[in-house]
Structures are given as C-alpha cells and as structure tokens.
C-alpha cells in the first residue's frame, strides 16, 4: 500500500502536470511539491514499518505470458528503504528549493512535471523486485533526465547535452539488456532478484551446478555492469555527466549528483551476488571505478565552472562507489566475508552520505549562481562569504564533508569505509589510487571554496550578490545538518543506512584518510589563497583528457561515415540488384520482343512459316525424345 | 451474419457512398468512428476467450472450395483495433482535401480490416490487394513531389508489391495444394490448419514453402533486401496514405506469417538455411537500414527508413517462433502501427505548415508549438522503445522470447542476432533524437512559423498518443487477448 | 424449336438484312442495327428455352452436331457477345461512318449475325469438317469486318494483314486436318480419340498432323509464335470489330481447341504427352510475348491486343493442365470459366475505348489523361475493367488466373508457372499505367465527356458482372461444372 | 506403282512451295496465289489419304467432302480477298506488301 503510494503518486502528478499544465497553471507546482512531500511522509512510514524479510510482492501487472512474469513488483528490504529515504528526502528538498530557484521560469509546470516523473522513475528503480522492472524505470529516469537537462532547450548546448546524456545511457542500456537476457535465459525464465540470488547461491547458476560456465557468469556480470556504467557515468561512458550540468541546478543536485547517477551503484549492489560469482568481473569493475575516480579528480582540479567542478567531483565519487562494489566482491572471493548483523555495503554507505552533501553542494552552488545572476565561473566570483553567510557556511560544511574532515563529517566515515574495502580487496593499486583520489578531492574542493567565497569580489555580479530567499536556504540548512550527522549511528540506523563493518581495524586506512585530507587542503590553500587567476595551468586536465574530441571523431568516422557508405552501397547494390537490374532485363526483353512486331507482312509470314516448322520440329522430334 | 462482416463492410460502403457524392468528411468520420466502437465492443466481448470467435462462413464457390469466412482471435482483434484507430486518426487529420483522400483512406482501412478478419486465404489475399491499389494511386496522383518523381516512386512500390504479391500468391497456392484434404482444393485456413496438424509435411519441404511465403510476405513488409520501395513511398505518400500503409497495411505481411505460415509450417522457420537467411535479412533491416536512417537528412526520410528498420524486430520475433516472441511481435506490430502513424501524421502537418522537412532548415519549434512537440515526443520515444509506451513491451518480449531456450555458455545464431539487433535500439535512439533535437530544440530558425493545431485537429493525434500510453503501461491488456499459446 | 433451327433462323436474318441494306439504301442504320439486336436477342431468349439435348437436333445434322454443356455455354456466349458488339457498333456509328465508303454501316449489322452463327456451329462441331467450315465462315466474315472502315489506312492495312495471314493459317489448318485424317482415318473427334488411344496408330504421322493442325488453330487463338497479326489487326480494325475478334473469335478458337485436345489428349493417347509439352511451351511463350511488349505500348487499343495475346497464353496453359487425379479442376471448365470472365472485362474495355472514340478522342494512353475528371463514371468502369484484366482479386479476372495457377502448381509445371507469374507482374504494370493516366490531374482543362444512358447501363452491367463474379462465382461455376459428358469414346 | 507416299511428297512440295512463295514474294496478288497453292496441297493430301483409306473396298469419302468445302471456301476467300486487295490498290496505288507497314511495334 505504502509502496504503491510512493510509486504512483509522482506518476499521476507527472501525468496531470505534463498533460494539463496549461489548464492547471500555477496549481501544477503545488501538485508536484505536494506529491513529493506526501511521498516523503509515506517513506518515513515505510522506514518505521516492521521488517518482514524479502517481501517481494506484486504491485501492478505488466507482462504476463504463460510462465513468464515481468510485473511491477516491489522488493522492500533495508537497501531499498534506505535508498528510498534518500530519494524522497532529497527529492522533497529539491522541490522546495526549486520553488525559489525556478520562480521566474516560464516553463515552471514543465519543470515540475518532469521532476515528478523523475521521482516516479527513481522510486521504481529503488523498489524494483526484478530486472525487467528495473530496466523499465532505468530507462524512464533516462527520459526524465533528458527532459530536465533539456529544460532550457533553446540553448544549443542544453539541447546537445540532453541528447548526449540519453544516447550515452542507451549504450549502457544495450549492455544491461543483454545482461538481463543472459540471466533470463540461464535462469530458466525468471529475472526476479530473489530467484536469481537463489540461483547463484544454490540453483542452476551456482559454481557447482552442472553446466556451469565461468565465462558466461563474467559476461553476464559485465553486461549488467555496462548498464551501471552508463547511468553512473563510469569511464568510458562518463562524458555525458559534466555536460548534464546544462540543466537547472536543482536538477543537477537531485539527479546528477545524489540519486539517479547513484542508481548504477545501487543496482550493482542489488546484483552483488552476480559480481561475487565472477572474480574477473569484480576486478574489472573495481578497476574501472578506480580509474574513473582518479581521472575525474584530475579533471576537476582544472575546472573553472562551479557546477563542473562539482560534476567531476561527482564522477570521481561515483568511481569510488563502483570501485567499492568491485573491491567488496573481490574481498568476498578472498574469503573476507563481512561480519556482524546486517553488514552494510561501503558503496551504499558512501552513496548515502554523498547524496546529502553533494546535493547540498549543488544546491549551494545553485544559490550562488542565482545570487550572481547566473554567473558560473568561479574566477568571476570571490568574496561571497560576506554577502551570503548562510550559503557560505552550509557550502563549507558540504565541502568539508566531501573532503572528509576526520571524525566530524559523514564523508570521512564513508570514504574510510571504501578505502578499507579497497585495502581488503587484496589489490594494493586500488588502495593507493583511492588515497590519491582523496588527496585530489581535498585539493580541488578547497580550491573551489577559496576561489569562490574568499578574497574579494572579482566582478560586478559577485559584488552585488545577496543572500537567497528562505525557501532556498531551508533545504541547504537541512542538508548541511545531514552532511555532518548522517554517518552517526543514531542517525544512520533508523535510516537503514548501515555502516560497513571491517574485519580488521584499519590503522593504515585511517592514517591515509587523514593524511589525504591534510595534504590536499594545505596544497590548495598554499596555491590559491588570494589569487585572481589560476596559477596552475594543465591543458590536459582542463580539457578533460580530450575525451569529447576523441568521441566526436569516433562518432564521425564510425557512425556518420559508415552510415554514408552503407547508404551509398544500399542505393547502388540493393536497389540496383533487386530493382533496377531485373527491371532493365525485362525492359530489354520487352523491347526485343517488340522488334518481332515490325509491321512488315513478310516478316509476319516468315515468322508464321518458321513457327510452323519450329513447332513441328519441337513436337515431332524434340518432345518425344524428352519422353515428357 | 457476423459483426465482423459489418466491420469489414462499413468502411467499404462508406467509400462507395463518398464516391457517389455523400458528404465526404462526415460520412468517413462517422463510419470510422462507428467502426472503432464496433471493434472495441467486439474486443470486449472476446475478453477472456481463446481461439477463433465470431465465425461465419458464406460459400462462394464449391470447387475449389472458397467461402467468405470471417472470424477473429486475439491477433486479428488487436490488428483490427490498430486499423480502426489509425483509420479514424488518418481520416480525422485530413483537411481541405478532395473526396478521393477520404475514399482511399476508407478503402485502405476497409481492405486491411478484411484481410485481418477473414479466415479464407482467398479473401485474406484479396482484401490486401484491394487496400494496395488506392495506395499506389494516391502516391502517384497526390504524392508530395514533382509529378514525374512521384510517379516513379509509385511505380517502384507497385512493382515491388505487385511482384511480392505474386510470389505470395504462388506460396499460398502451394500451401493450398499441399494441405487440401480430399479431392477438393480448399482455401479455408482452419481446414488447412487441421490438415497440417494431421499430416505435417517433411521439414525440408516446409522450409521451401516457408521461404517462398517469407519472400512474398517479406517484400510486402519491406524485408531487407526487398525494402527499397518503402522509404521513398512513405516519404512521398500523402499523409493519410502514409499513416495507413506504414501503420496498418504493412502489418499484413507479418500477420500472414504469424497466422498462415507459422501454424501450417511449424518447422519451416527453424530449418537451418531458412532461419539463417531470415536472420541475415532481418539484420539487414536493423543494422543496414539503421545506418541509412542515421544518414537521412529530412524528417520524412528518417521516419520512412526507420519504419523499414523496425520491421526487423518483428521478424526477429517471428524467427524465434516462441510463444513469448510471437506475442511480442504482435504487440510490436500494434505499437509500431500506432507510433508510426502518429509520426507520419505530425510530419504531414509540419510539411503543410512549414513547407520543408530538412533538418538544417528547422529548429526550435518547441517554443512555437508546445502541444505539437509533446505529441511528437510521444511518437519519438515510442519508436525509441521507451518503457511506458507500447513498443517497449513488444521489443522486450521479442528479445526475451529469443532467450527462452538458452544454455549458459553457448549462444545460438538467433541469440547472437538479438545482441546485434539490440545495437539497433541504440541506433534508433541516435536518429530519432537527432531528428527531435534539430526540429524542436535549439533557437527557432528564422522564417519558420508554426503554431499548435487547433484542439479539434489535435484529437486524432491525442487518440494515438493515448493509446500508446495506455497499452504501454498496461501491455497485459493486449496480452490478455492472446491467452492461448501461439 | 431446336437449337439448330434458331441458328439457321439467325443466319437467315443476317442474309435478309444484307439484302435489305443492298436494295433499300435509304433504310436508317438505326433500324438495321436495332433489328439485328432484336433478332439476336430473340434468338438468345429462344435459345435459353429451347431443348438442350442432342436428341432434339434434326436428324440430318446429328452426326456432325452435338449439344453438350460446353457447346451450350459457347452458344450462349456467342449470342451475348454478338448483341454487345452490335450495340457497340450502333454506339460508335457516328464515328465509324466517317471511314466507310458510302457513309453506311450495312454489313456491320448483318455480318456479325453470320459470324455468330458460325461460332455457334463451331461450338457444336463433332468433326473436323464442320470445324473447318464454320471456322472459315467466321474468318471470311471477319476479313470484311476488319477492313470495313476502308477509308482509314489503318483499317485497310489491318484487313490486308489479316487476310494474308488468315489465309495462310487456313492453309496450314487444312494441311494439318489432312494429316490427322491420314493418321487416324477419320474426321470425327470421337473417331480420332479412339484411333489415338490405339497403340497401332502411327505415332509420328499423328504427331505431325496434330502439330500442324494446332499451328493452324494457334493462329486463330493468337498463340505465339502465330500471334503477330493480333496487335496490328486489333489496332487497325474498327473498335467493335476488335472487341468481337478478341472475345468472340478467340472464344470460338478455344472451343475448337478444347474439342481437338479432348481428342488428342484422350486417356492413353499415344501423342498426349507431346501435345501437353507443346501446350506448355507455346503457352509460356504466349504469355511472355503478350505481356512483355505490352509494357511499351502507347496506344490503349494495341495494349489491349497484347493483353489479349497474354490471356490466350493463360488459357493455353489452362488447357495443358488436364484433369489431375487429386483435384477435380478440369481444364475445359477452367477455360470456359476464364472466357466467361474474360468477356465482360474485355468488352467493357473496348466499350470504353469506343465511347472515347465516339467523343472524338484518340486511343492513346495520353488521351486517357484526366478521364476521371471528365467523366468519373467512365473512369471508374474502365478502372474495374483494367483491374480485372490485370487479375486483381475481388474481380472476375483474378479467379480465372488463380485457377490457372492452381492447375499449373498442382501439376508441378514450375517453369510455366514462373512465366505466367512474370507475365502477370508485367500485366500489373501496363494496366496500371493506363489506370494511372485516367486519374492524372495534370492538364485536364478539357471539357467533360457525356455518353448515352444505354451505354451507361450496359457498361454498368458489365462492371457489376465483373465484380459479382469476382466475389460470388458460384452461379457461373454451377452452369459450367454440371457434369459434362466427356467427349471421349473408349 | 504410285503409292500414298508419292501423293504426299508432291503435296508436301506443293505446300512448301506455296509457303516459300508467301514468304518471299512481295506482290500481294502473287502471295495470294501461293496461298491458294497451299490449299491445293492440302487438298491433294486429303484426296490421297482418302484414296488409300478404304472403307468396305471404297475410298473414304468424308475426306473428299472436305476437299469440296475447301475449294468453296477458297473461292469465297478469293472473292473477299480480291476486293480488299483492290481497295488497297485504290488507296495506295500499289499491291506491294511493303505498302502496309504503318501498324507496328
């Protein structure tokens, strides 16, 4: 019942708004915000509900053919409840924040409608009890992301960005679908998550089952992972996320920082049984996550757009989480089973803490951008600390949380958890790269804070910036509180976000975390204090390793050029061989037969006489011999 | 007398009435509206049943035994629903056109209904031909191109479809000869089917006949490489004809394969050489035509080629032949019909208002015509295969249907094909989003002026879009009509 | 009154009209025409109610005449087509008289009656002598009719060509008859069948005779390679005559062919399989040589001529498919069915042409442009006619073709079937070309066309017949398929 | 002894000559004469066959009856044919076969 409210309320809200916004006018905003608040309340009720294990139950029918069922059925367990809380809570705050941020936008109803659509689809992913349902909502979040990134579609860059986001995700979904199909086939027609988990544990897909194929398991895991790569923007499908910042900032906060991009991680955690079953896949996943984390962090150090810095930081953190998924699976294969009752997954834990502070940072940046009249270049800001004190303090808290201020902020605990998992995985590269990423994270976040908020205002708009209205500050403050406290047991346990338990006390990890924080912070302060322009200039990082340019070439050569060639071939050969050649032959034949009809009487008599002789020859001499 | 006879006769009679001078718009709209109601009522009546219902037969010839026999099961009802919906929309969206537009739409619709609702091979074939003729005539006479060019296009379609129909006829004749029990030839599908169950042919022979039927039906559905008529024909055809042919009539070939070829020749499709040939051809549809579509630089080209491409998925369902895949194929037929009709209808409006469909001349229409944009988005995302719109349900069932027989570690050629075909899903997103972006996004191009259609002109498109949404969210509505295994 | 008496009466009426026309020059052509039509119609009515068994014939004629279903069907067929042709002549008269010497049409009303009688006798013929005589009665009359519009160079040229080639074919036919007689020692079909079923008969003599005879008959039905005269003659002849030639003369040829083949391909015939091979080869050749050149025609009349060749090909292919063990689709009834459906569509086509001509229009495809605008009804009727000729389903033409295809496929004659299919595909092309022209809207500032109420009625009835036969052929089949006694004597 | 073979050979030669003449000659009158020759060839064959096909010791007269018909028909043909040829001559001032080539294609 609860679940269906959470799922369907935003759906109807989206439907009503998108279809009838002209009639509804202002009411559409209220519908959307109201539905998000009610969803949040329903979600709180859900959190309080008793914990009946594995209540995978049918909510709505969808596909039902013979023995095959792919319905909308919800799986409510600790993970989904925790994730649901994040989604509905941040969703509600973003709705509130948008009330202020989008006040002057003409297309407000469209914005709120899309936001509701997003809430609906995200809820669907979180609650999904089977892979088909997950795929359905997976695609739908893609759609809402497309709509929201393209909110200001008149801008060419926004139009391109939303297209890019959708297409890149499509490539991921290509793999996801193959993965689903492989699992569907191998598991005898069921894609239910519970069934699959059982199948991998003791059913037809378990390593000791007859006909077990390690290659198949790896292939399935990697295909599914491809889906996560698209959604969670892992290398090499990461290119869409920075561009997605073309959307309104609240959207960036909700979708492209806190929730949707984390869906990949959530899904990987959901199918962790699959990843644990394949060592190779686990290593690849960890490796890709690790590479993404490091690469994005490097890129972030040279970005000047406040939202882009945050976007690359999100990429980097997502890489972290993915790495954690891989690392945990590797650790599990090495026999490092997590202990304790309900051990939490480090990736999920980081997802949880990251959601709050990253949403907060984005909303904070939104407030800054709003205050500076849509100025996004940090070098054109400066000194905002004095003009926008509340924003500054909340932003600072968020920054510190992301940097992982030891023992105070939630980010410290979750990051430590991931580094611990990397440490446990038995692969030292993961740990070292993770630590290096942490250093870089501290560095670029401190750079951002210093350049934007300290010093003197560098432009007029920064000079005239004033504090944003109450409705926008409220979410910031709430999120700032969560950024600090969310990792504390008193907070985390009722919210079903479970801290991961480590096997050994990790002195090394602890020290590494603290050192990383310090080195990064000090480096940034040393380099950027009081500077008016960037003292460091690394083109490679600033230009994001030239990935966009490379992809443009690939698309041009592999797709557009190929399309051109294929089109030409199709015109020449298919059309030529199937149509023009036979037509030409028949036409020639027809023209030839017309020659018989020359109009000359002699010709006709000749043909007639010849015909008689021919027929006689045929009938008397040829046909009898054929013995027809 | 069966209600199906009424359903078939109504549009034809309306066409006759309009031809004789009845008020064109009122008569056509009335007839197609009543028809939609009738089909809906019939569908509701069929709800929960299985097998052939509403049967009625009037013998017209004793030897060979021919009869005007009607009957409907879930598949035919779904397609009849598709036909009536698209027919209503196509007729509704006609504006300020001579009566021949209404007549031809009614004839195409009526012909398609006849083909879907009769159960005698003779009439199935005949009604389809009846629907084809107005298509050619309308392309040649009222096509959107210079007279010489549109005639060339119409000829190409005529030659292809004419030749295809003849090959099909040869295949049907072959079937009839093989499966007629007793001393009389019969064209009755049910009789042939029971005979096929009693005395199945050897697989090798089934394969031969199936292949002939595949070529015949295939060229009607623009199966690669017999597809090159389709794109120019749709791009040139007047809007209602493009809607009806690509949306409805083209489904006839697929319907025939599912209704006629597969039940009579159950092993035919699975003999290796036939299956491999089919897979190659459908990959041609998906991959080659996908790339060709990406190359297109005009909206009508994109839509026309995409419609060819999407046929590949339905063939994929037929190639798999499993219950799941076939039901998916039927749903996808329905979905594609609605979505492509929606897109062609909107495309026609755009051409009327803007006079051009070149991508590099368009842009930013979303600002001018928001409602139009939303409707177009429905079509776009449906053909991309977005969940929540019907196409997705069909596609996913087809894909799943190909994997029902699967051994971990070995992929059959069928399953490799599915994986390649999945890449086509990516391609269709590429070209549809490109189209959408260049038409609706960006800043409005100079000199273009387009406004939202009036509400009454929006109704047909809203009807189609709503259908996509409702059956997309509840595909079980359609699946419930096909309870028995195919 | 016996059927034979009716025929004799009709012949007398023809002669009488001829004389009246000659000696009473001021008689109006309308009176003449209406008399001829009325006489033929009366004959038709009497024929329907006359006793329909061979015993009713006068004794002296019985050895040479028979009245089986086939004969009765073709007799009725001949009467109907004659009425239609006479009426068409009347309808086209204003235009035709411009090309006749004295501006009169006398023989145009009397000769068709004689032709009709010839055709009716041909249908009943039991031996080759009767066949020859009645065939020549028809042919010689046609020489006159074809060349009737003497002032038109085309008509005259057509007449000359038909004369020379027709006479040549007559020579071949008689020579063939001579050799058949030589091989079997008899002229009657029954006797020939009996002799051919006897293994002692000289096979090569019989083959030679049959081949030459079939060449002669092939000319009459326009079988390739004896079809060259058809386009030229059809195009040159006055339109009503062309219609008569293409329907009546062809039907008569086929009824004789059916009878001859019944004898040649009798059960156990020593030359049966060779004749079948001959039919397949010639039939395939005919459909192709009829269809392929037709694609390039610019004159609708000539196009119809080619189409008539191609239809002859289908009929020949139908004849090649003798009764098979499995399916009771005898070639004779298929041919009869095909011809019965061929009648309305061809006559309707020529009727349209004639009406166009009567309104001062040409016969080229370009003259058809915009017809739909000028006279929608005529365009619709012509569309139905051409659609049926092309063999589109739901028209009568489709069923005939379908039966042919079924027969060929049943016997496994794949080569011939492919030829037939290619020809049918080509047929789509050229018929559609014409249909398309009618609906083309470019350059249609020409005035509307009008035509008379009877013309509308007749054309409408023909179109209706095409459509009704296309979806409800049962009555026609009932007429044709009531068990015909096989013309075989064991 | 003159056998049936002799008759048939002569008849065949006559037929062939007639056919050759029809094909080769350009004057329509002569062509027409050759056609008559072909009919005569057929008649000769008929009579020959009839003479050697004895029924009750007498020749079979059915074939000979056909010969009479053929002769009659030939006469009728000539009557009509010559009229047409005359008409042709009147209009073209020629009886050459090449004067009628308008209808073609």
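Going by the order they are written in, the chains are A, B, C and D; count residues from 1 in each one.
Going forward, a contact is a pair of C-beta atoms (placed from the backbone, for glycine too) under 8 Å apart; a residue touches a chain by one contact, two chains touch by 3 or more.
Because the structure is predicted, anything quoted here is derived from the model rather than measured.
Q: Taking every chain's C-alpha mean, which one sits closest to the mean of all protein C-alpha atoms?
A: B
Q: Count the C-beta contact pairs for A-D and for B-C, then tell me which is higher.
A: B-C
Q: Centroid from C-alpha atoms only, then distance chain A to chain D, rounded to Å. What do you get?
A: Centre separation, chain A to chain D: 95 Å.
Q: Indicate the whole-number Å distance between the mean C-alpha point of chain B and the mean C-alpha point of chain C.
A: Using C-alpha averages as centres, the distance is 42 Å.
Q: Report the inter-centroid distance (CA atoms only) between chain A and chain C in whole Å.
A: 76
Q: Any idea how many Å lie between the Cα centroids of chain C and chain D?
A: Comparing mean C-alpha positions, chain D is 26 Å from chain C.
Q: List, in ascending order, every residue of chain B touching at least 2 other chains.
A: Counting only residues that touch two or more other chains, chain B contributes 159.
Q: At which residue positions does chain A touch at least two other chains?
A: 594, 597, 599, 601, 605, 609, 612, in rising order.
Q: Any chance you could list the residues of chain D touching two or more other chains?
A: 19, 22, 31, 97, 100-105
Q: Mind listing each pair of touching chains for me?
A: A-B, A-C, A-D, B-C, C-D
Q: Provide the residue numbers of chain C that touch chain B in the complex, in ascending order.
A: My answer: residues 326-329, 380, 387, 392-394, 398-399, 402-403, 405-406, 409-410, 417, 421, 424-425, 428-429, 432, 435-436, 439-442, 471-474, 477, 481.
Q: Contact residues on chain A for chain B in the complex?
A: 18-19, 61-66, 68, 70, 132, 135-137, 139-140, 143, 150, 153-156, 158-160, 162-163, 166-167, 170-171, 173-174, 177-178, 181-182, 184-186, 189, 205, 211-213, 215-217, 559-560, 562-564, 566-567, 570-571, 574-575, 577-579, 583
Q: Please give the residue numbers of chain A that touch chain D in the complex, ascending.
A: These residues of chain A touch chain D: 594, 597-602, 605-606, 609, 612.
Q: For the complex, give me every residue of chain B touching chain C.
A: Residues 19, 59-64, 66, 68, 122, 125-127, 129-130, 133, 136-137, 140-141, 147, 151, 154-155, 158-159, 162-163, 166-167, 169-170, 173-174, 176-177, 180, 183-185.
Q: What residues on chain C touch chain D, complex-wise?
A: 127-129, 132-133, 136, 140, 143-144, 147, 150-151, 153-154, 156-161, 163-164, 167-168, 170-172, 174-175, 177-179, 181-182, 185-187, 231-232, 235-236, 293, 296-297, 302
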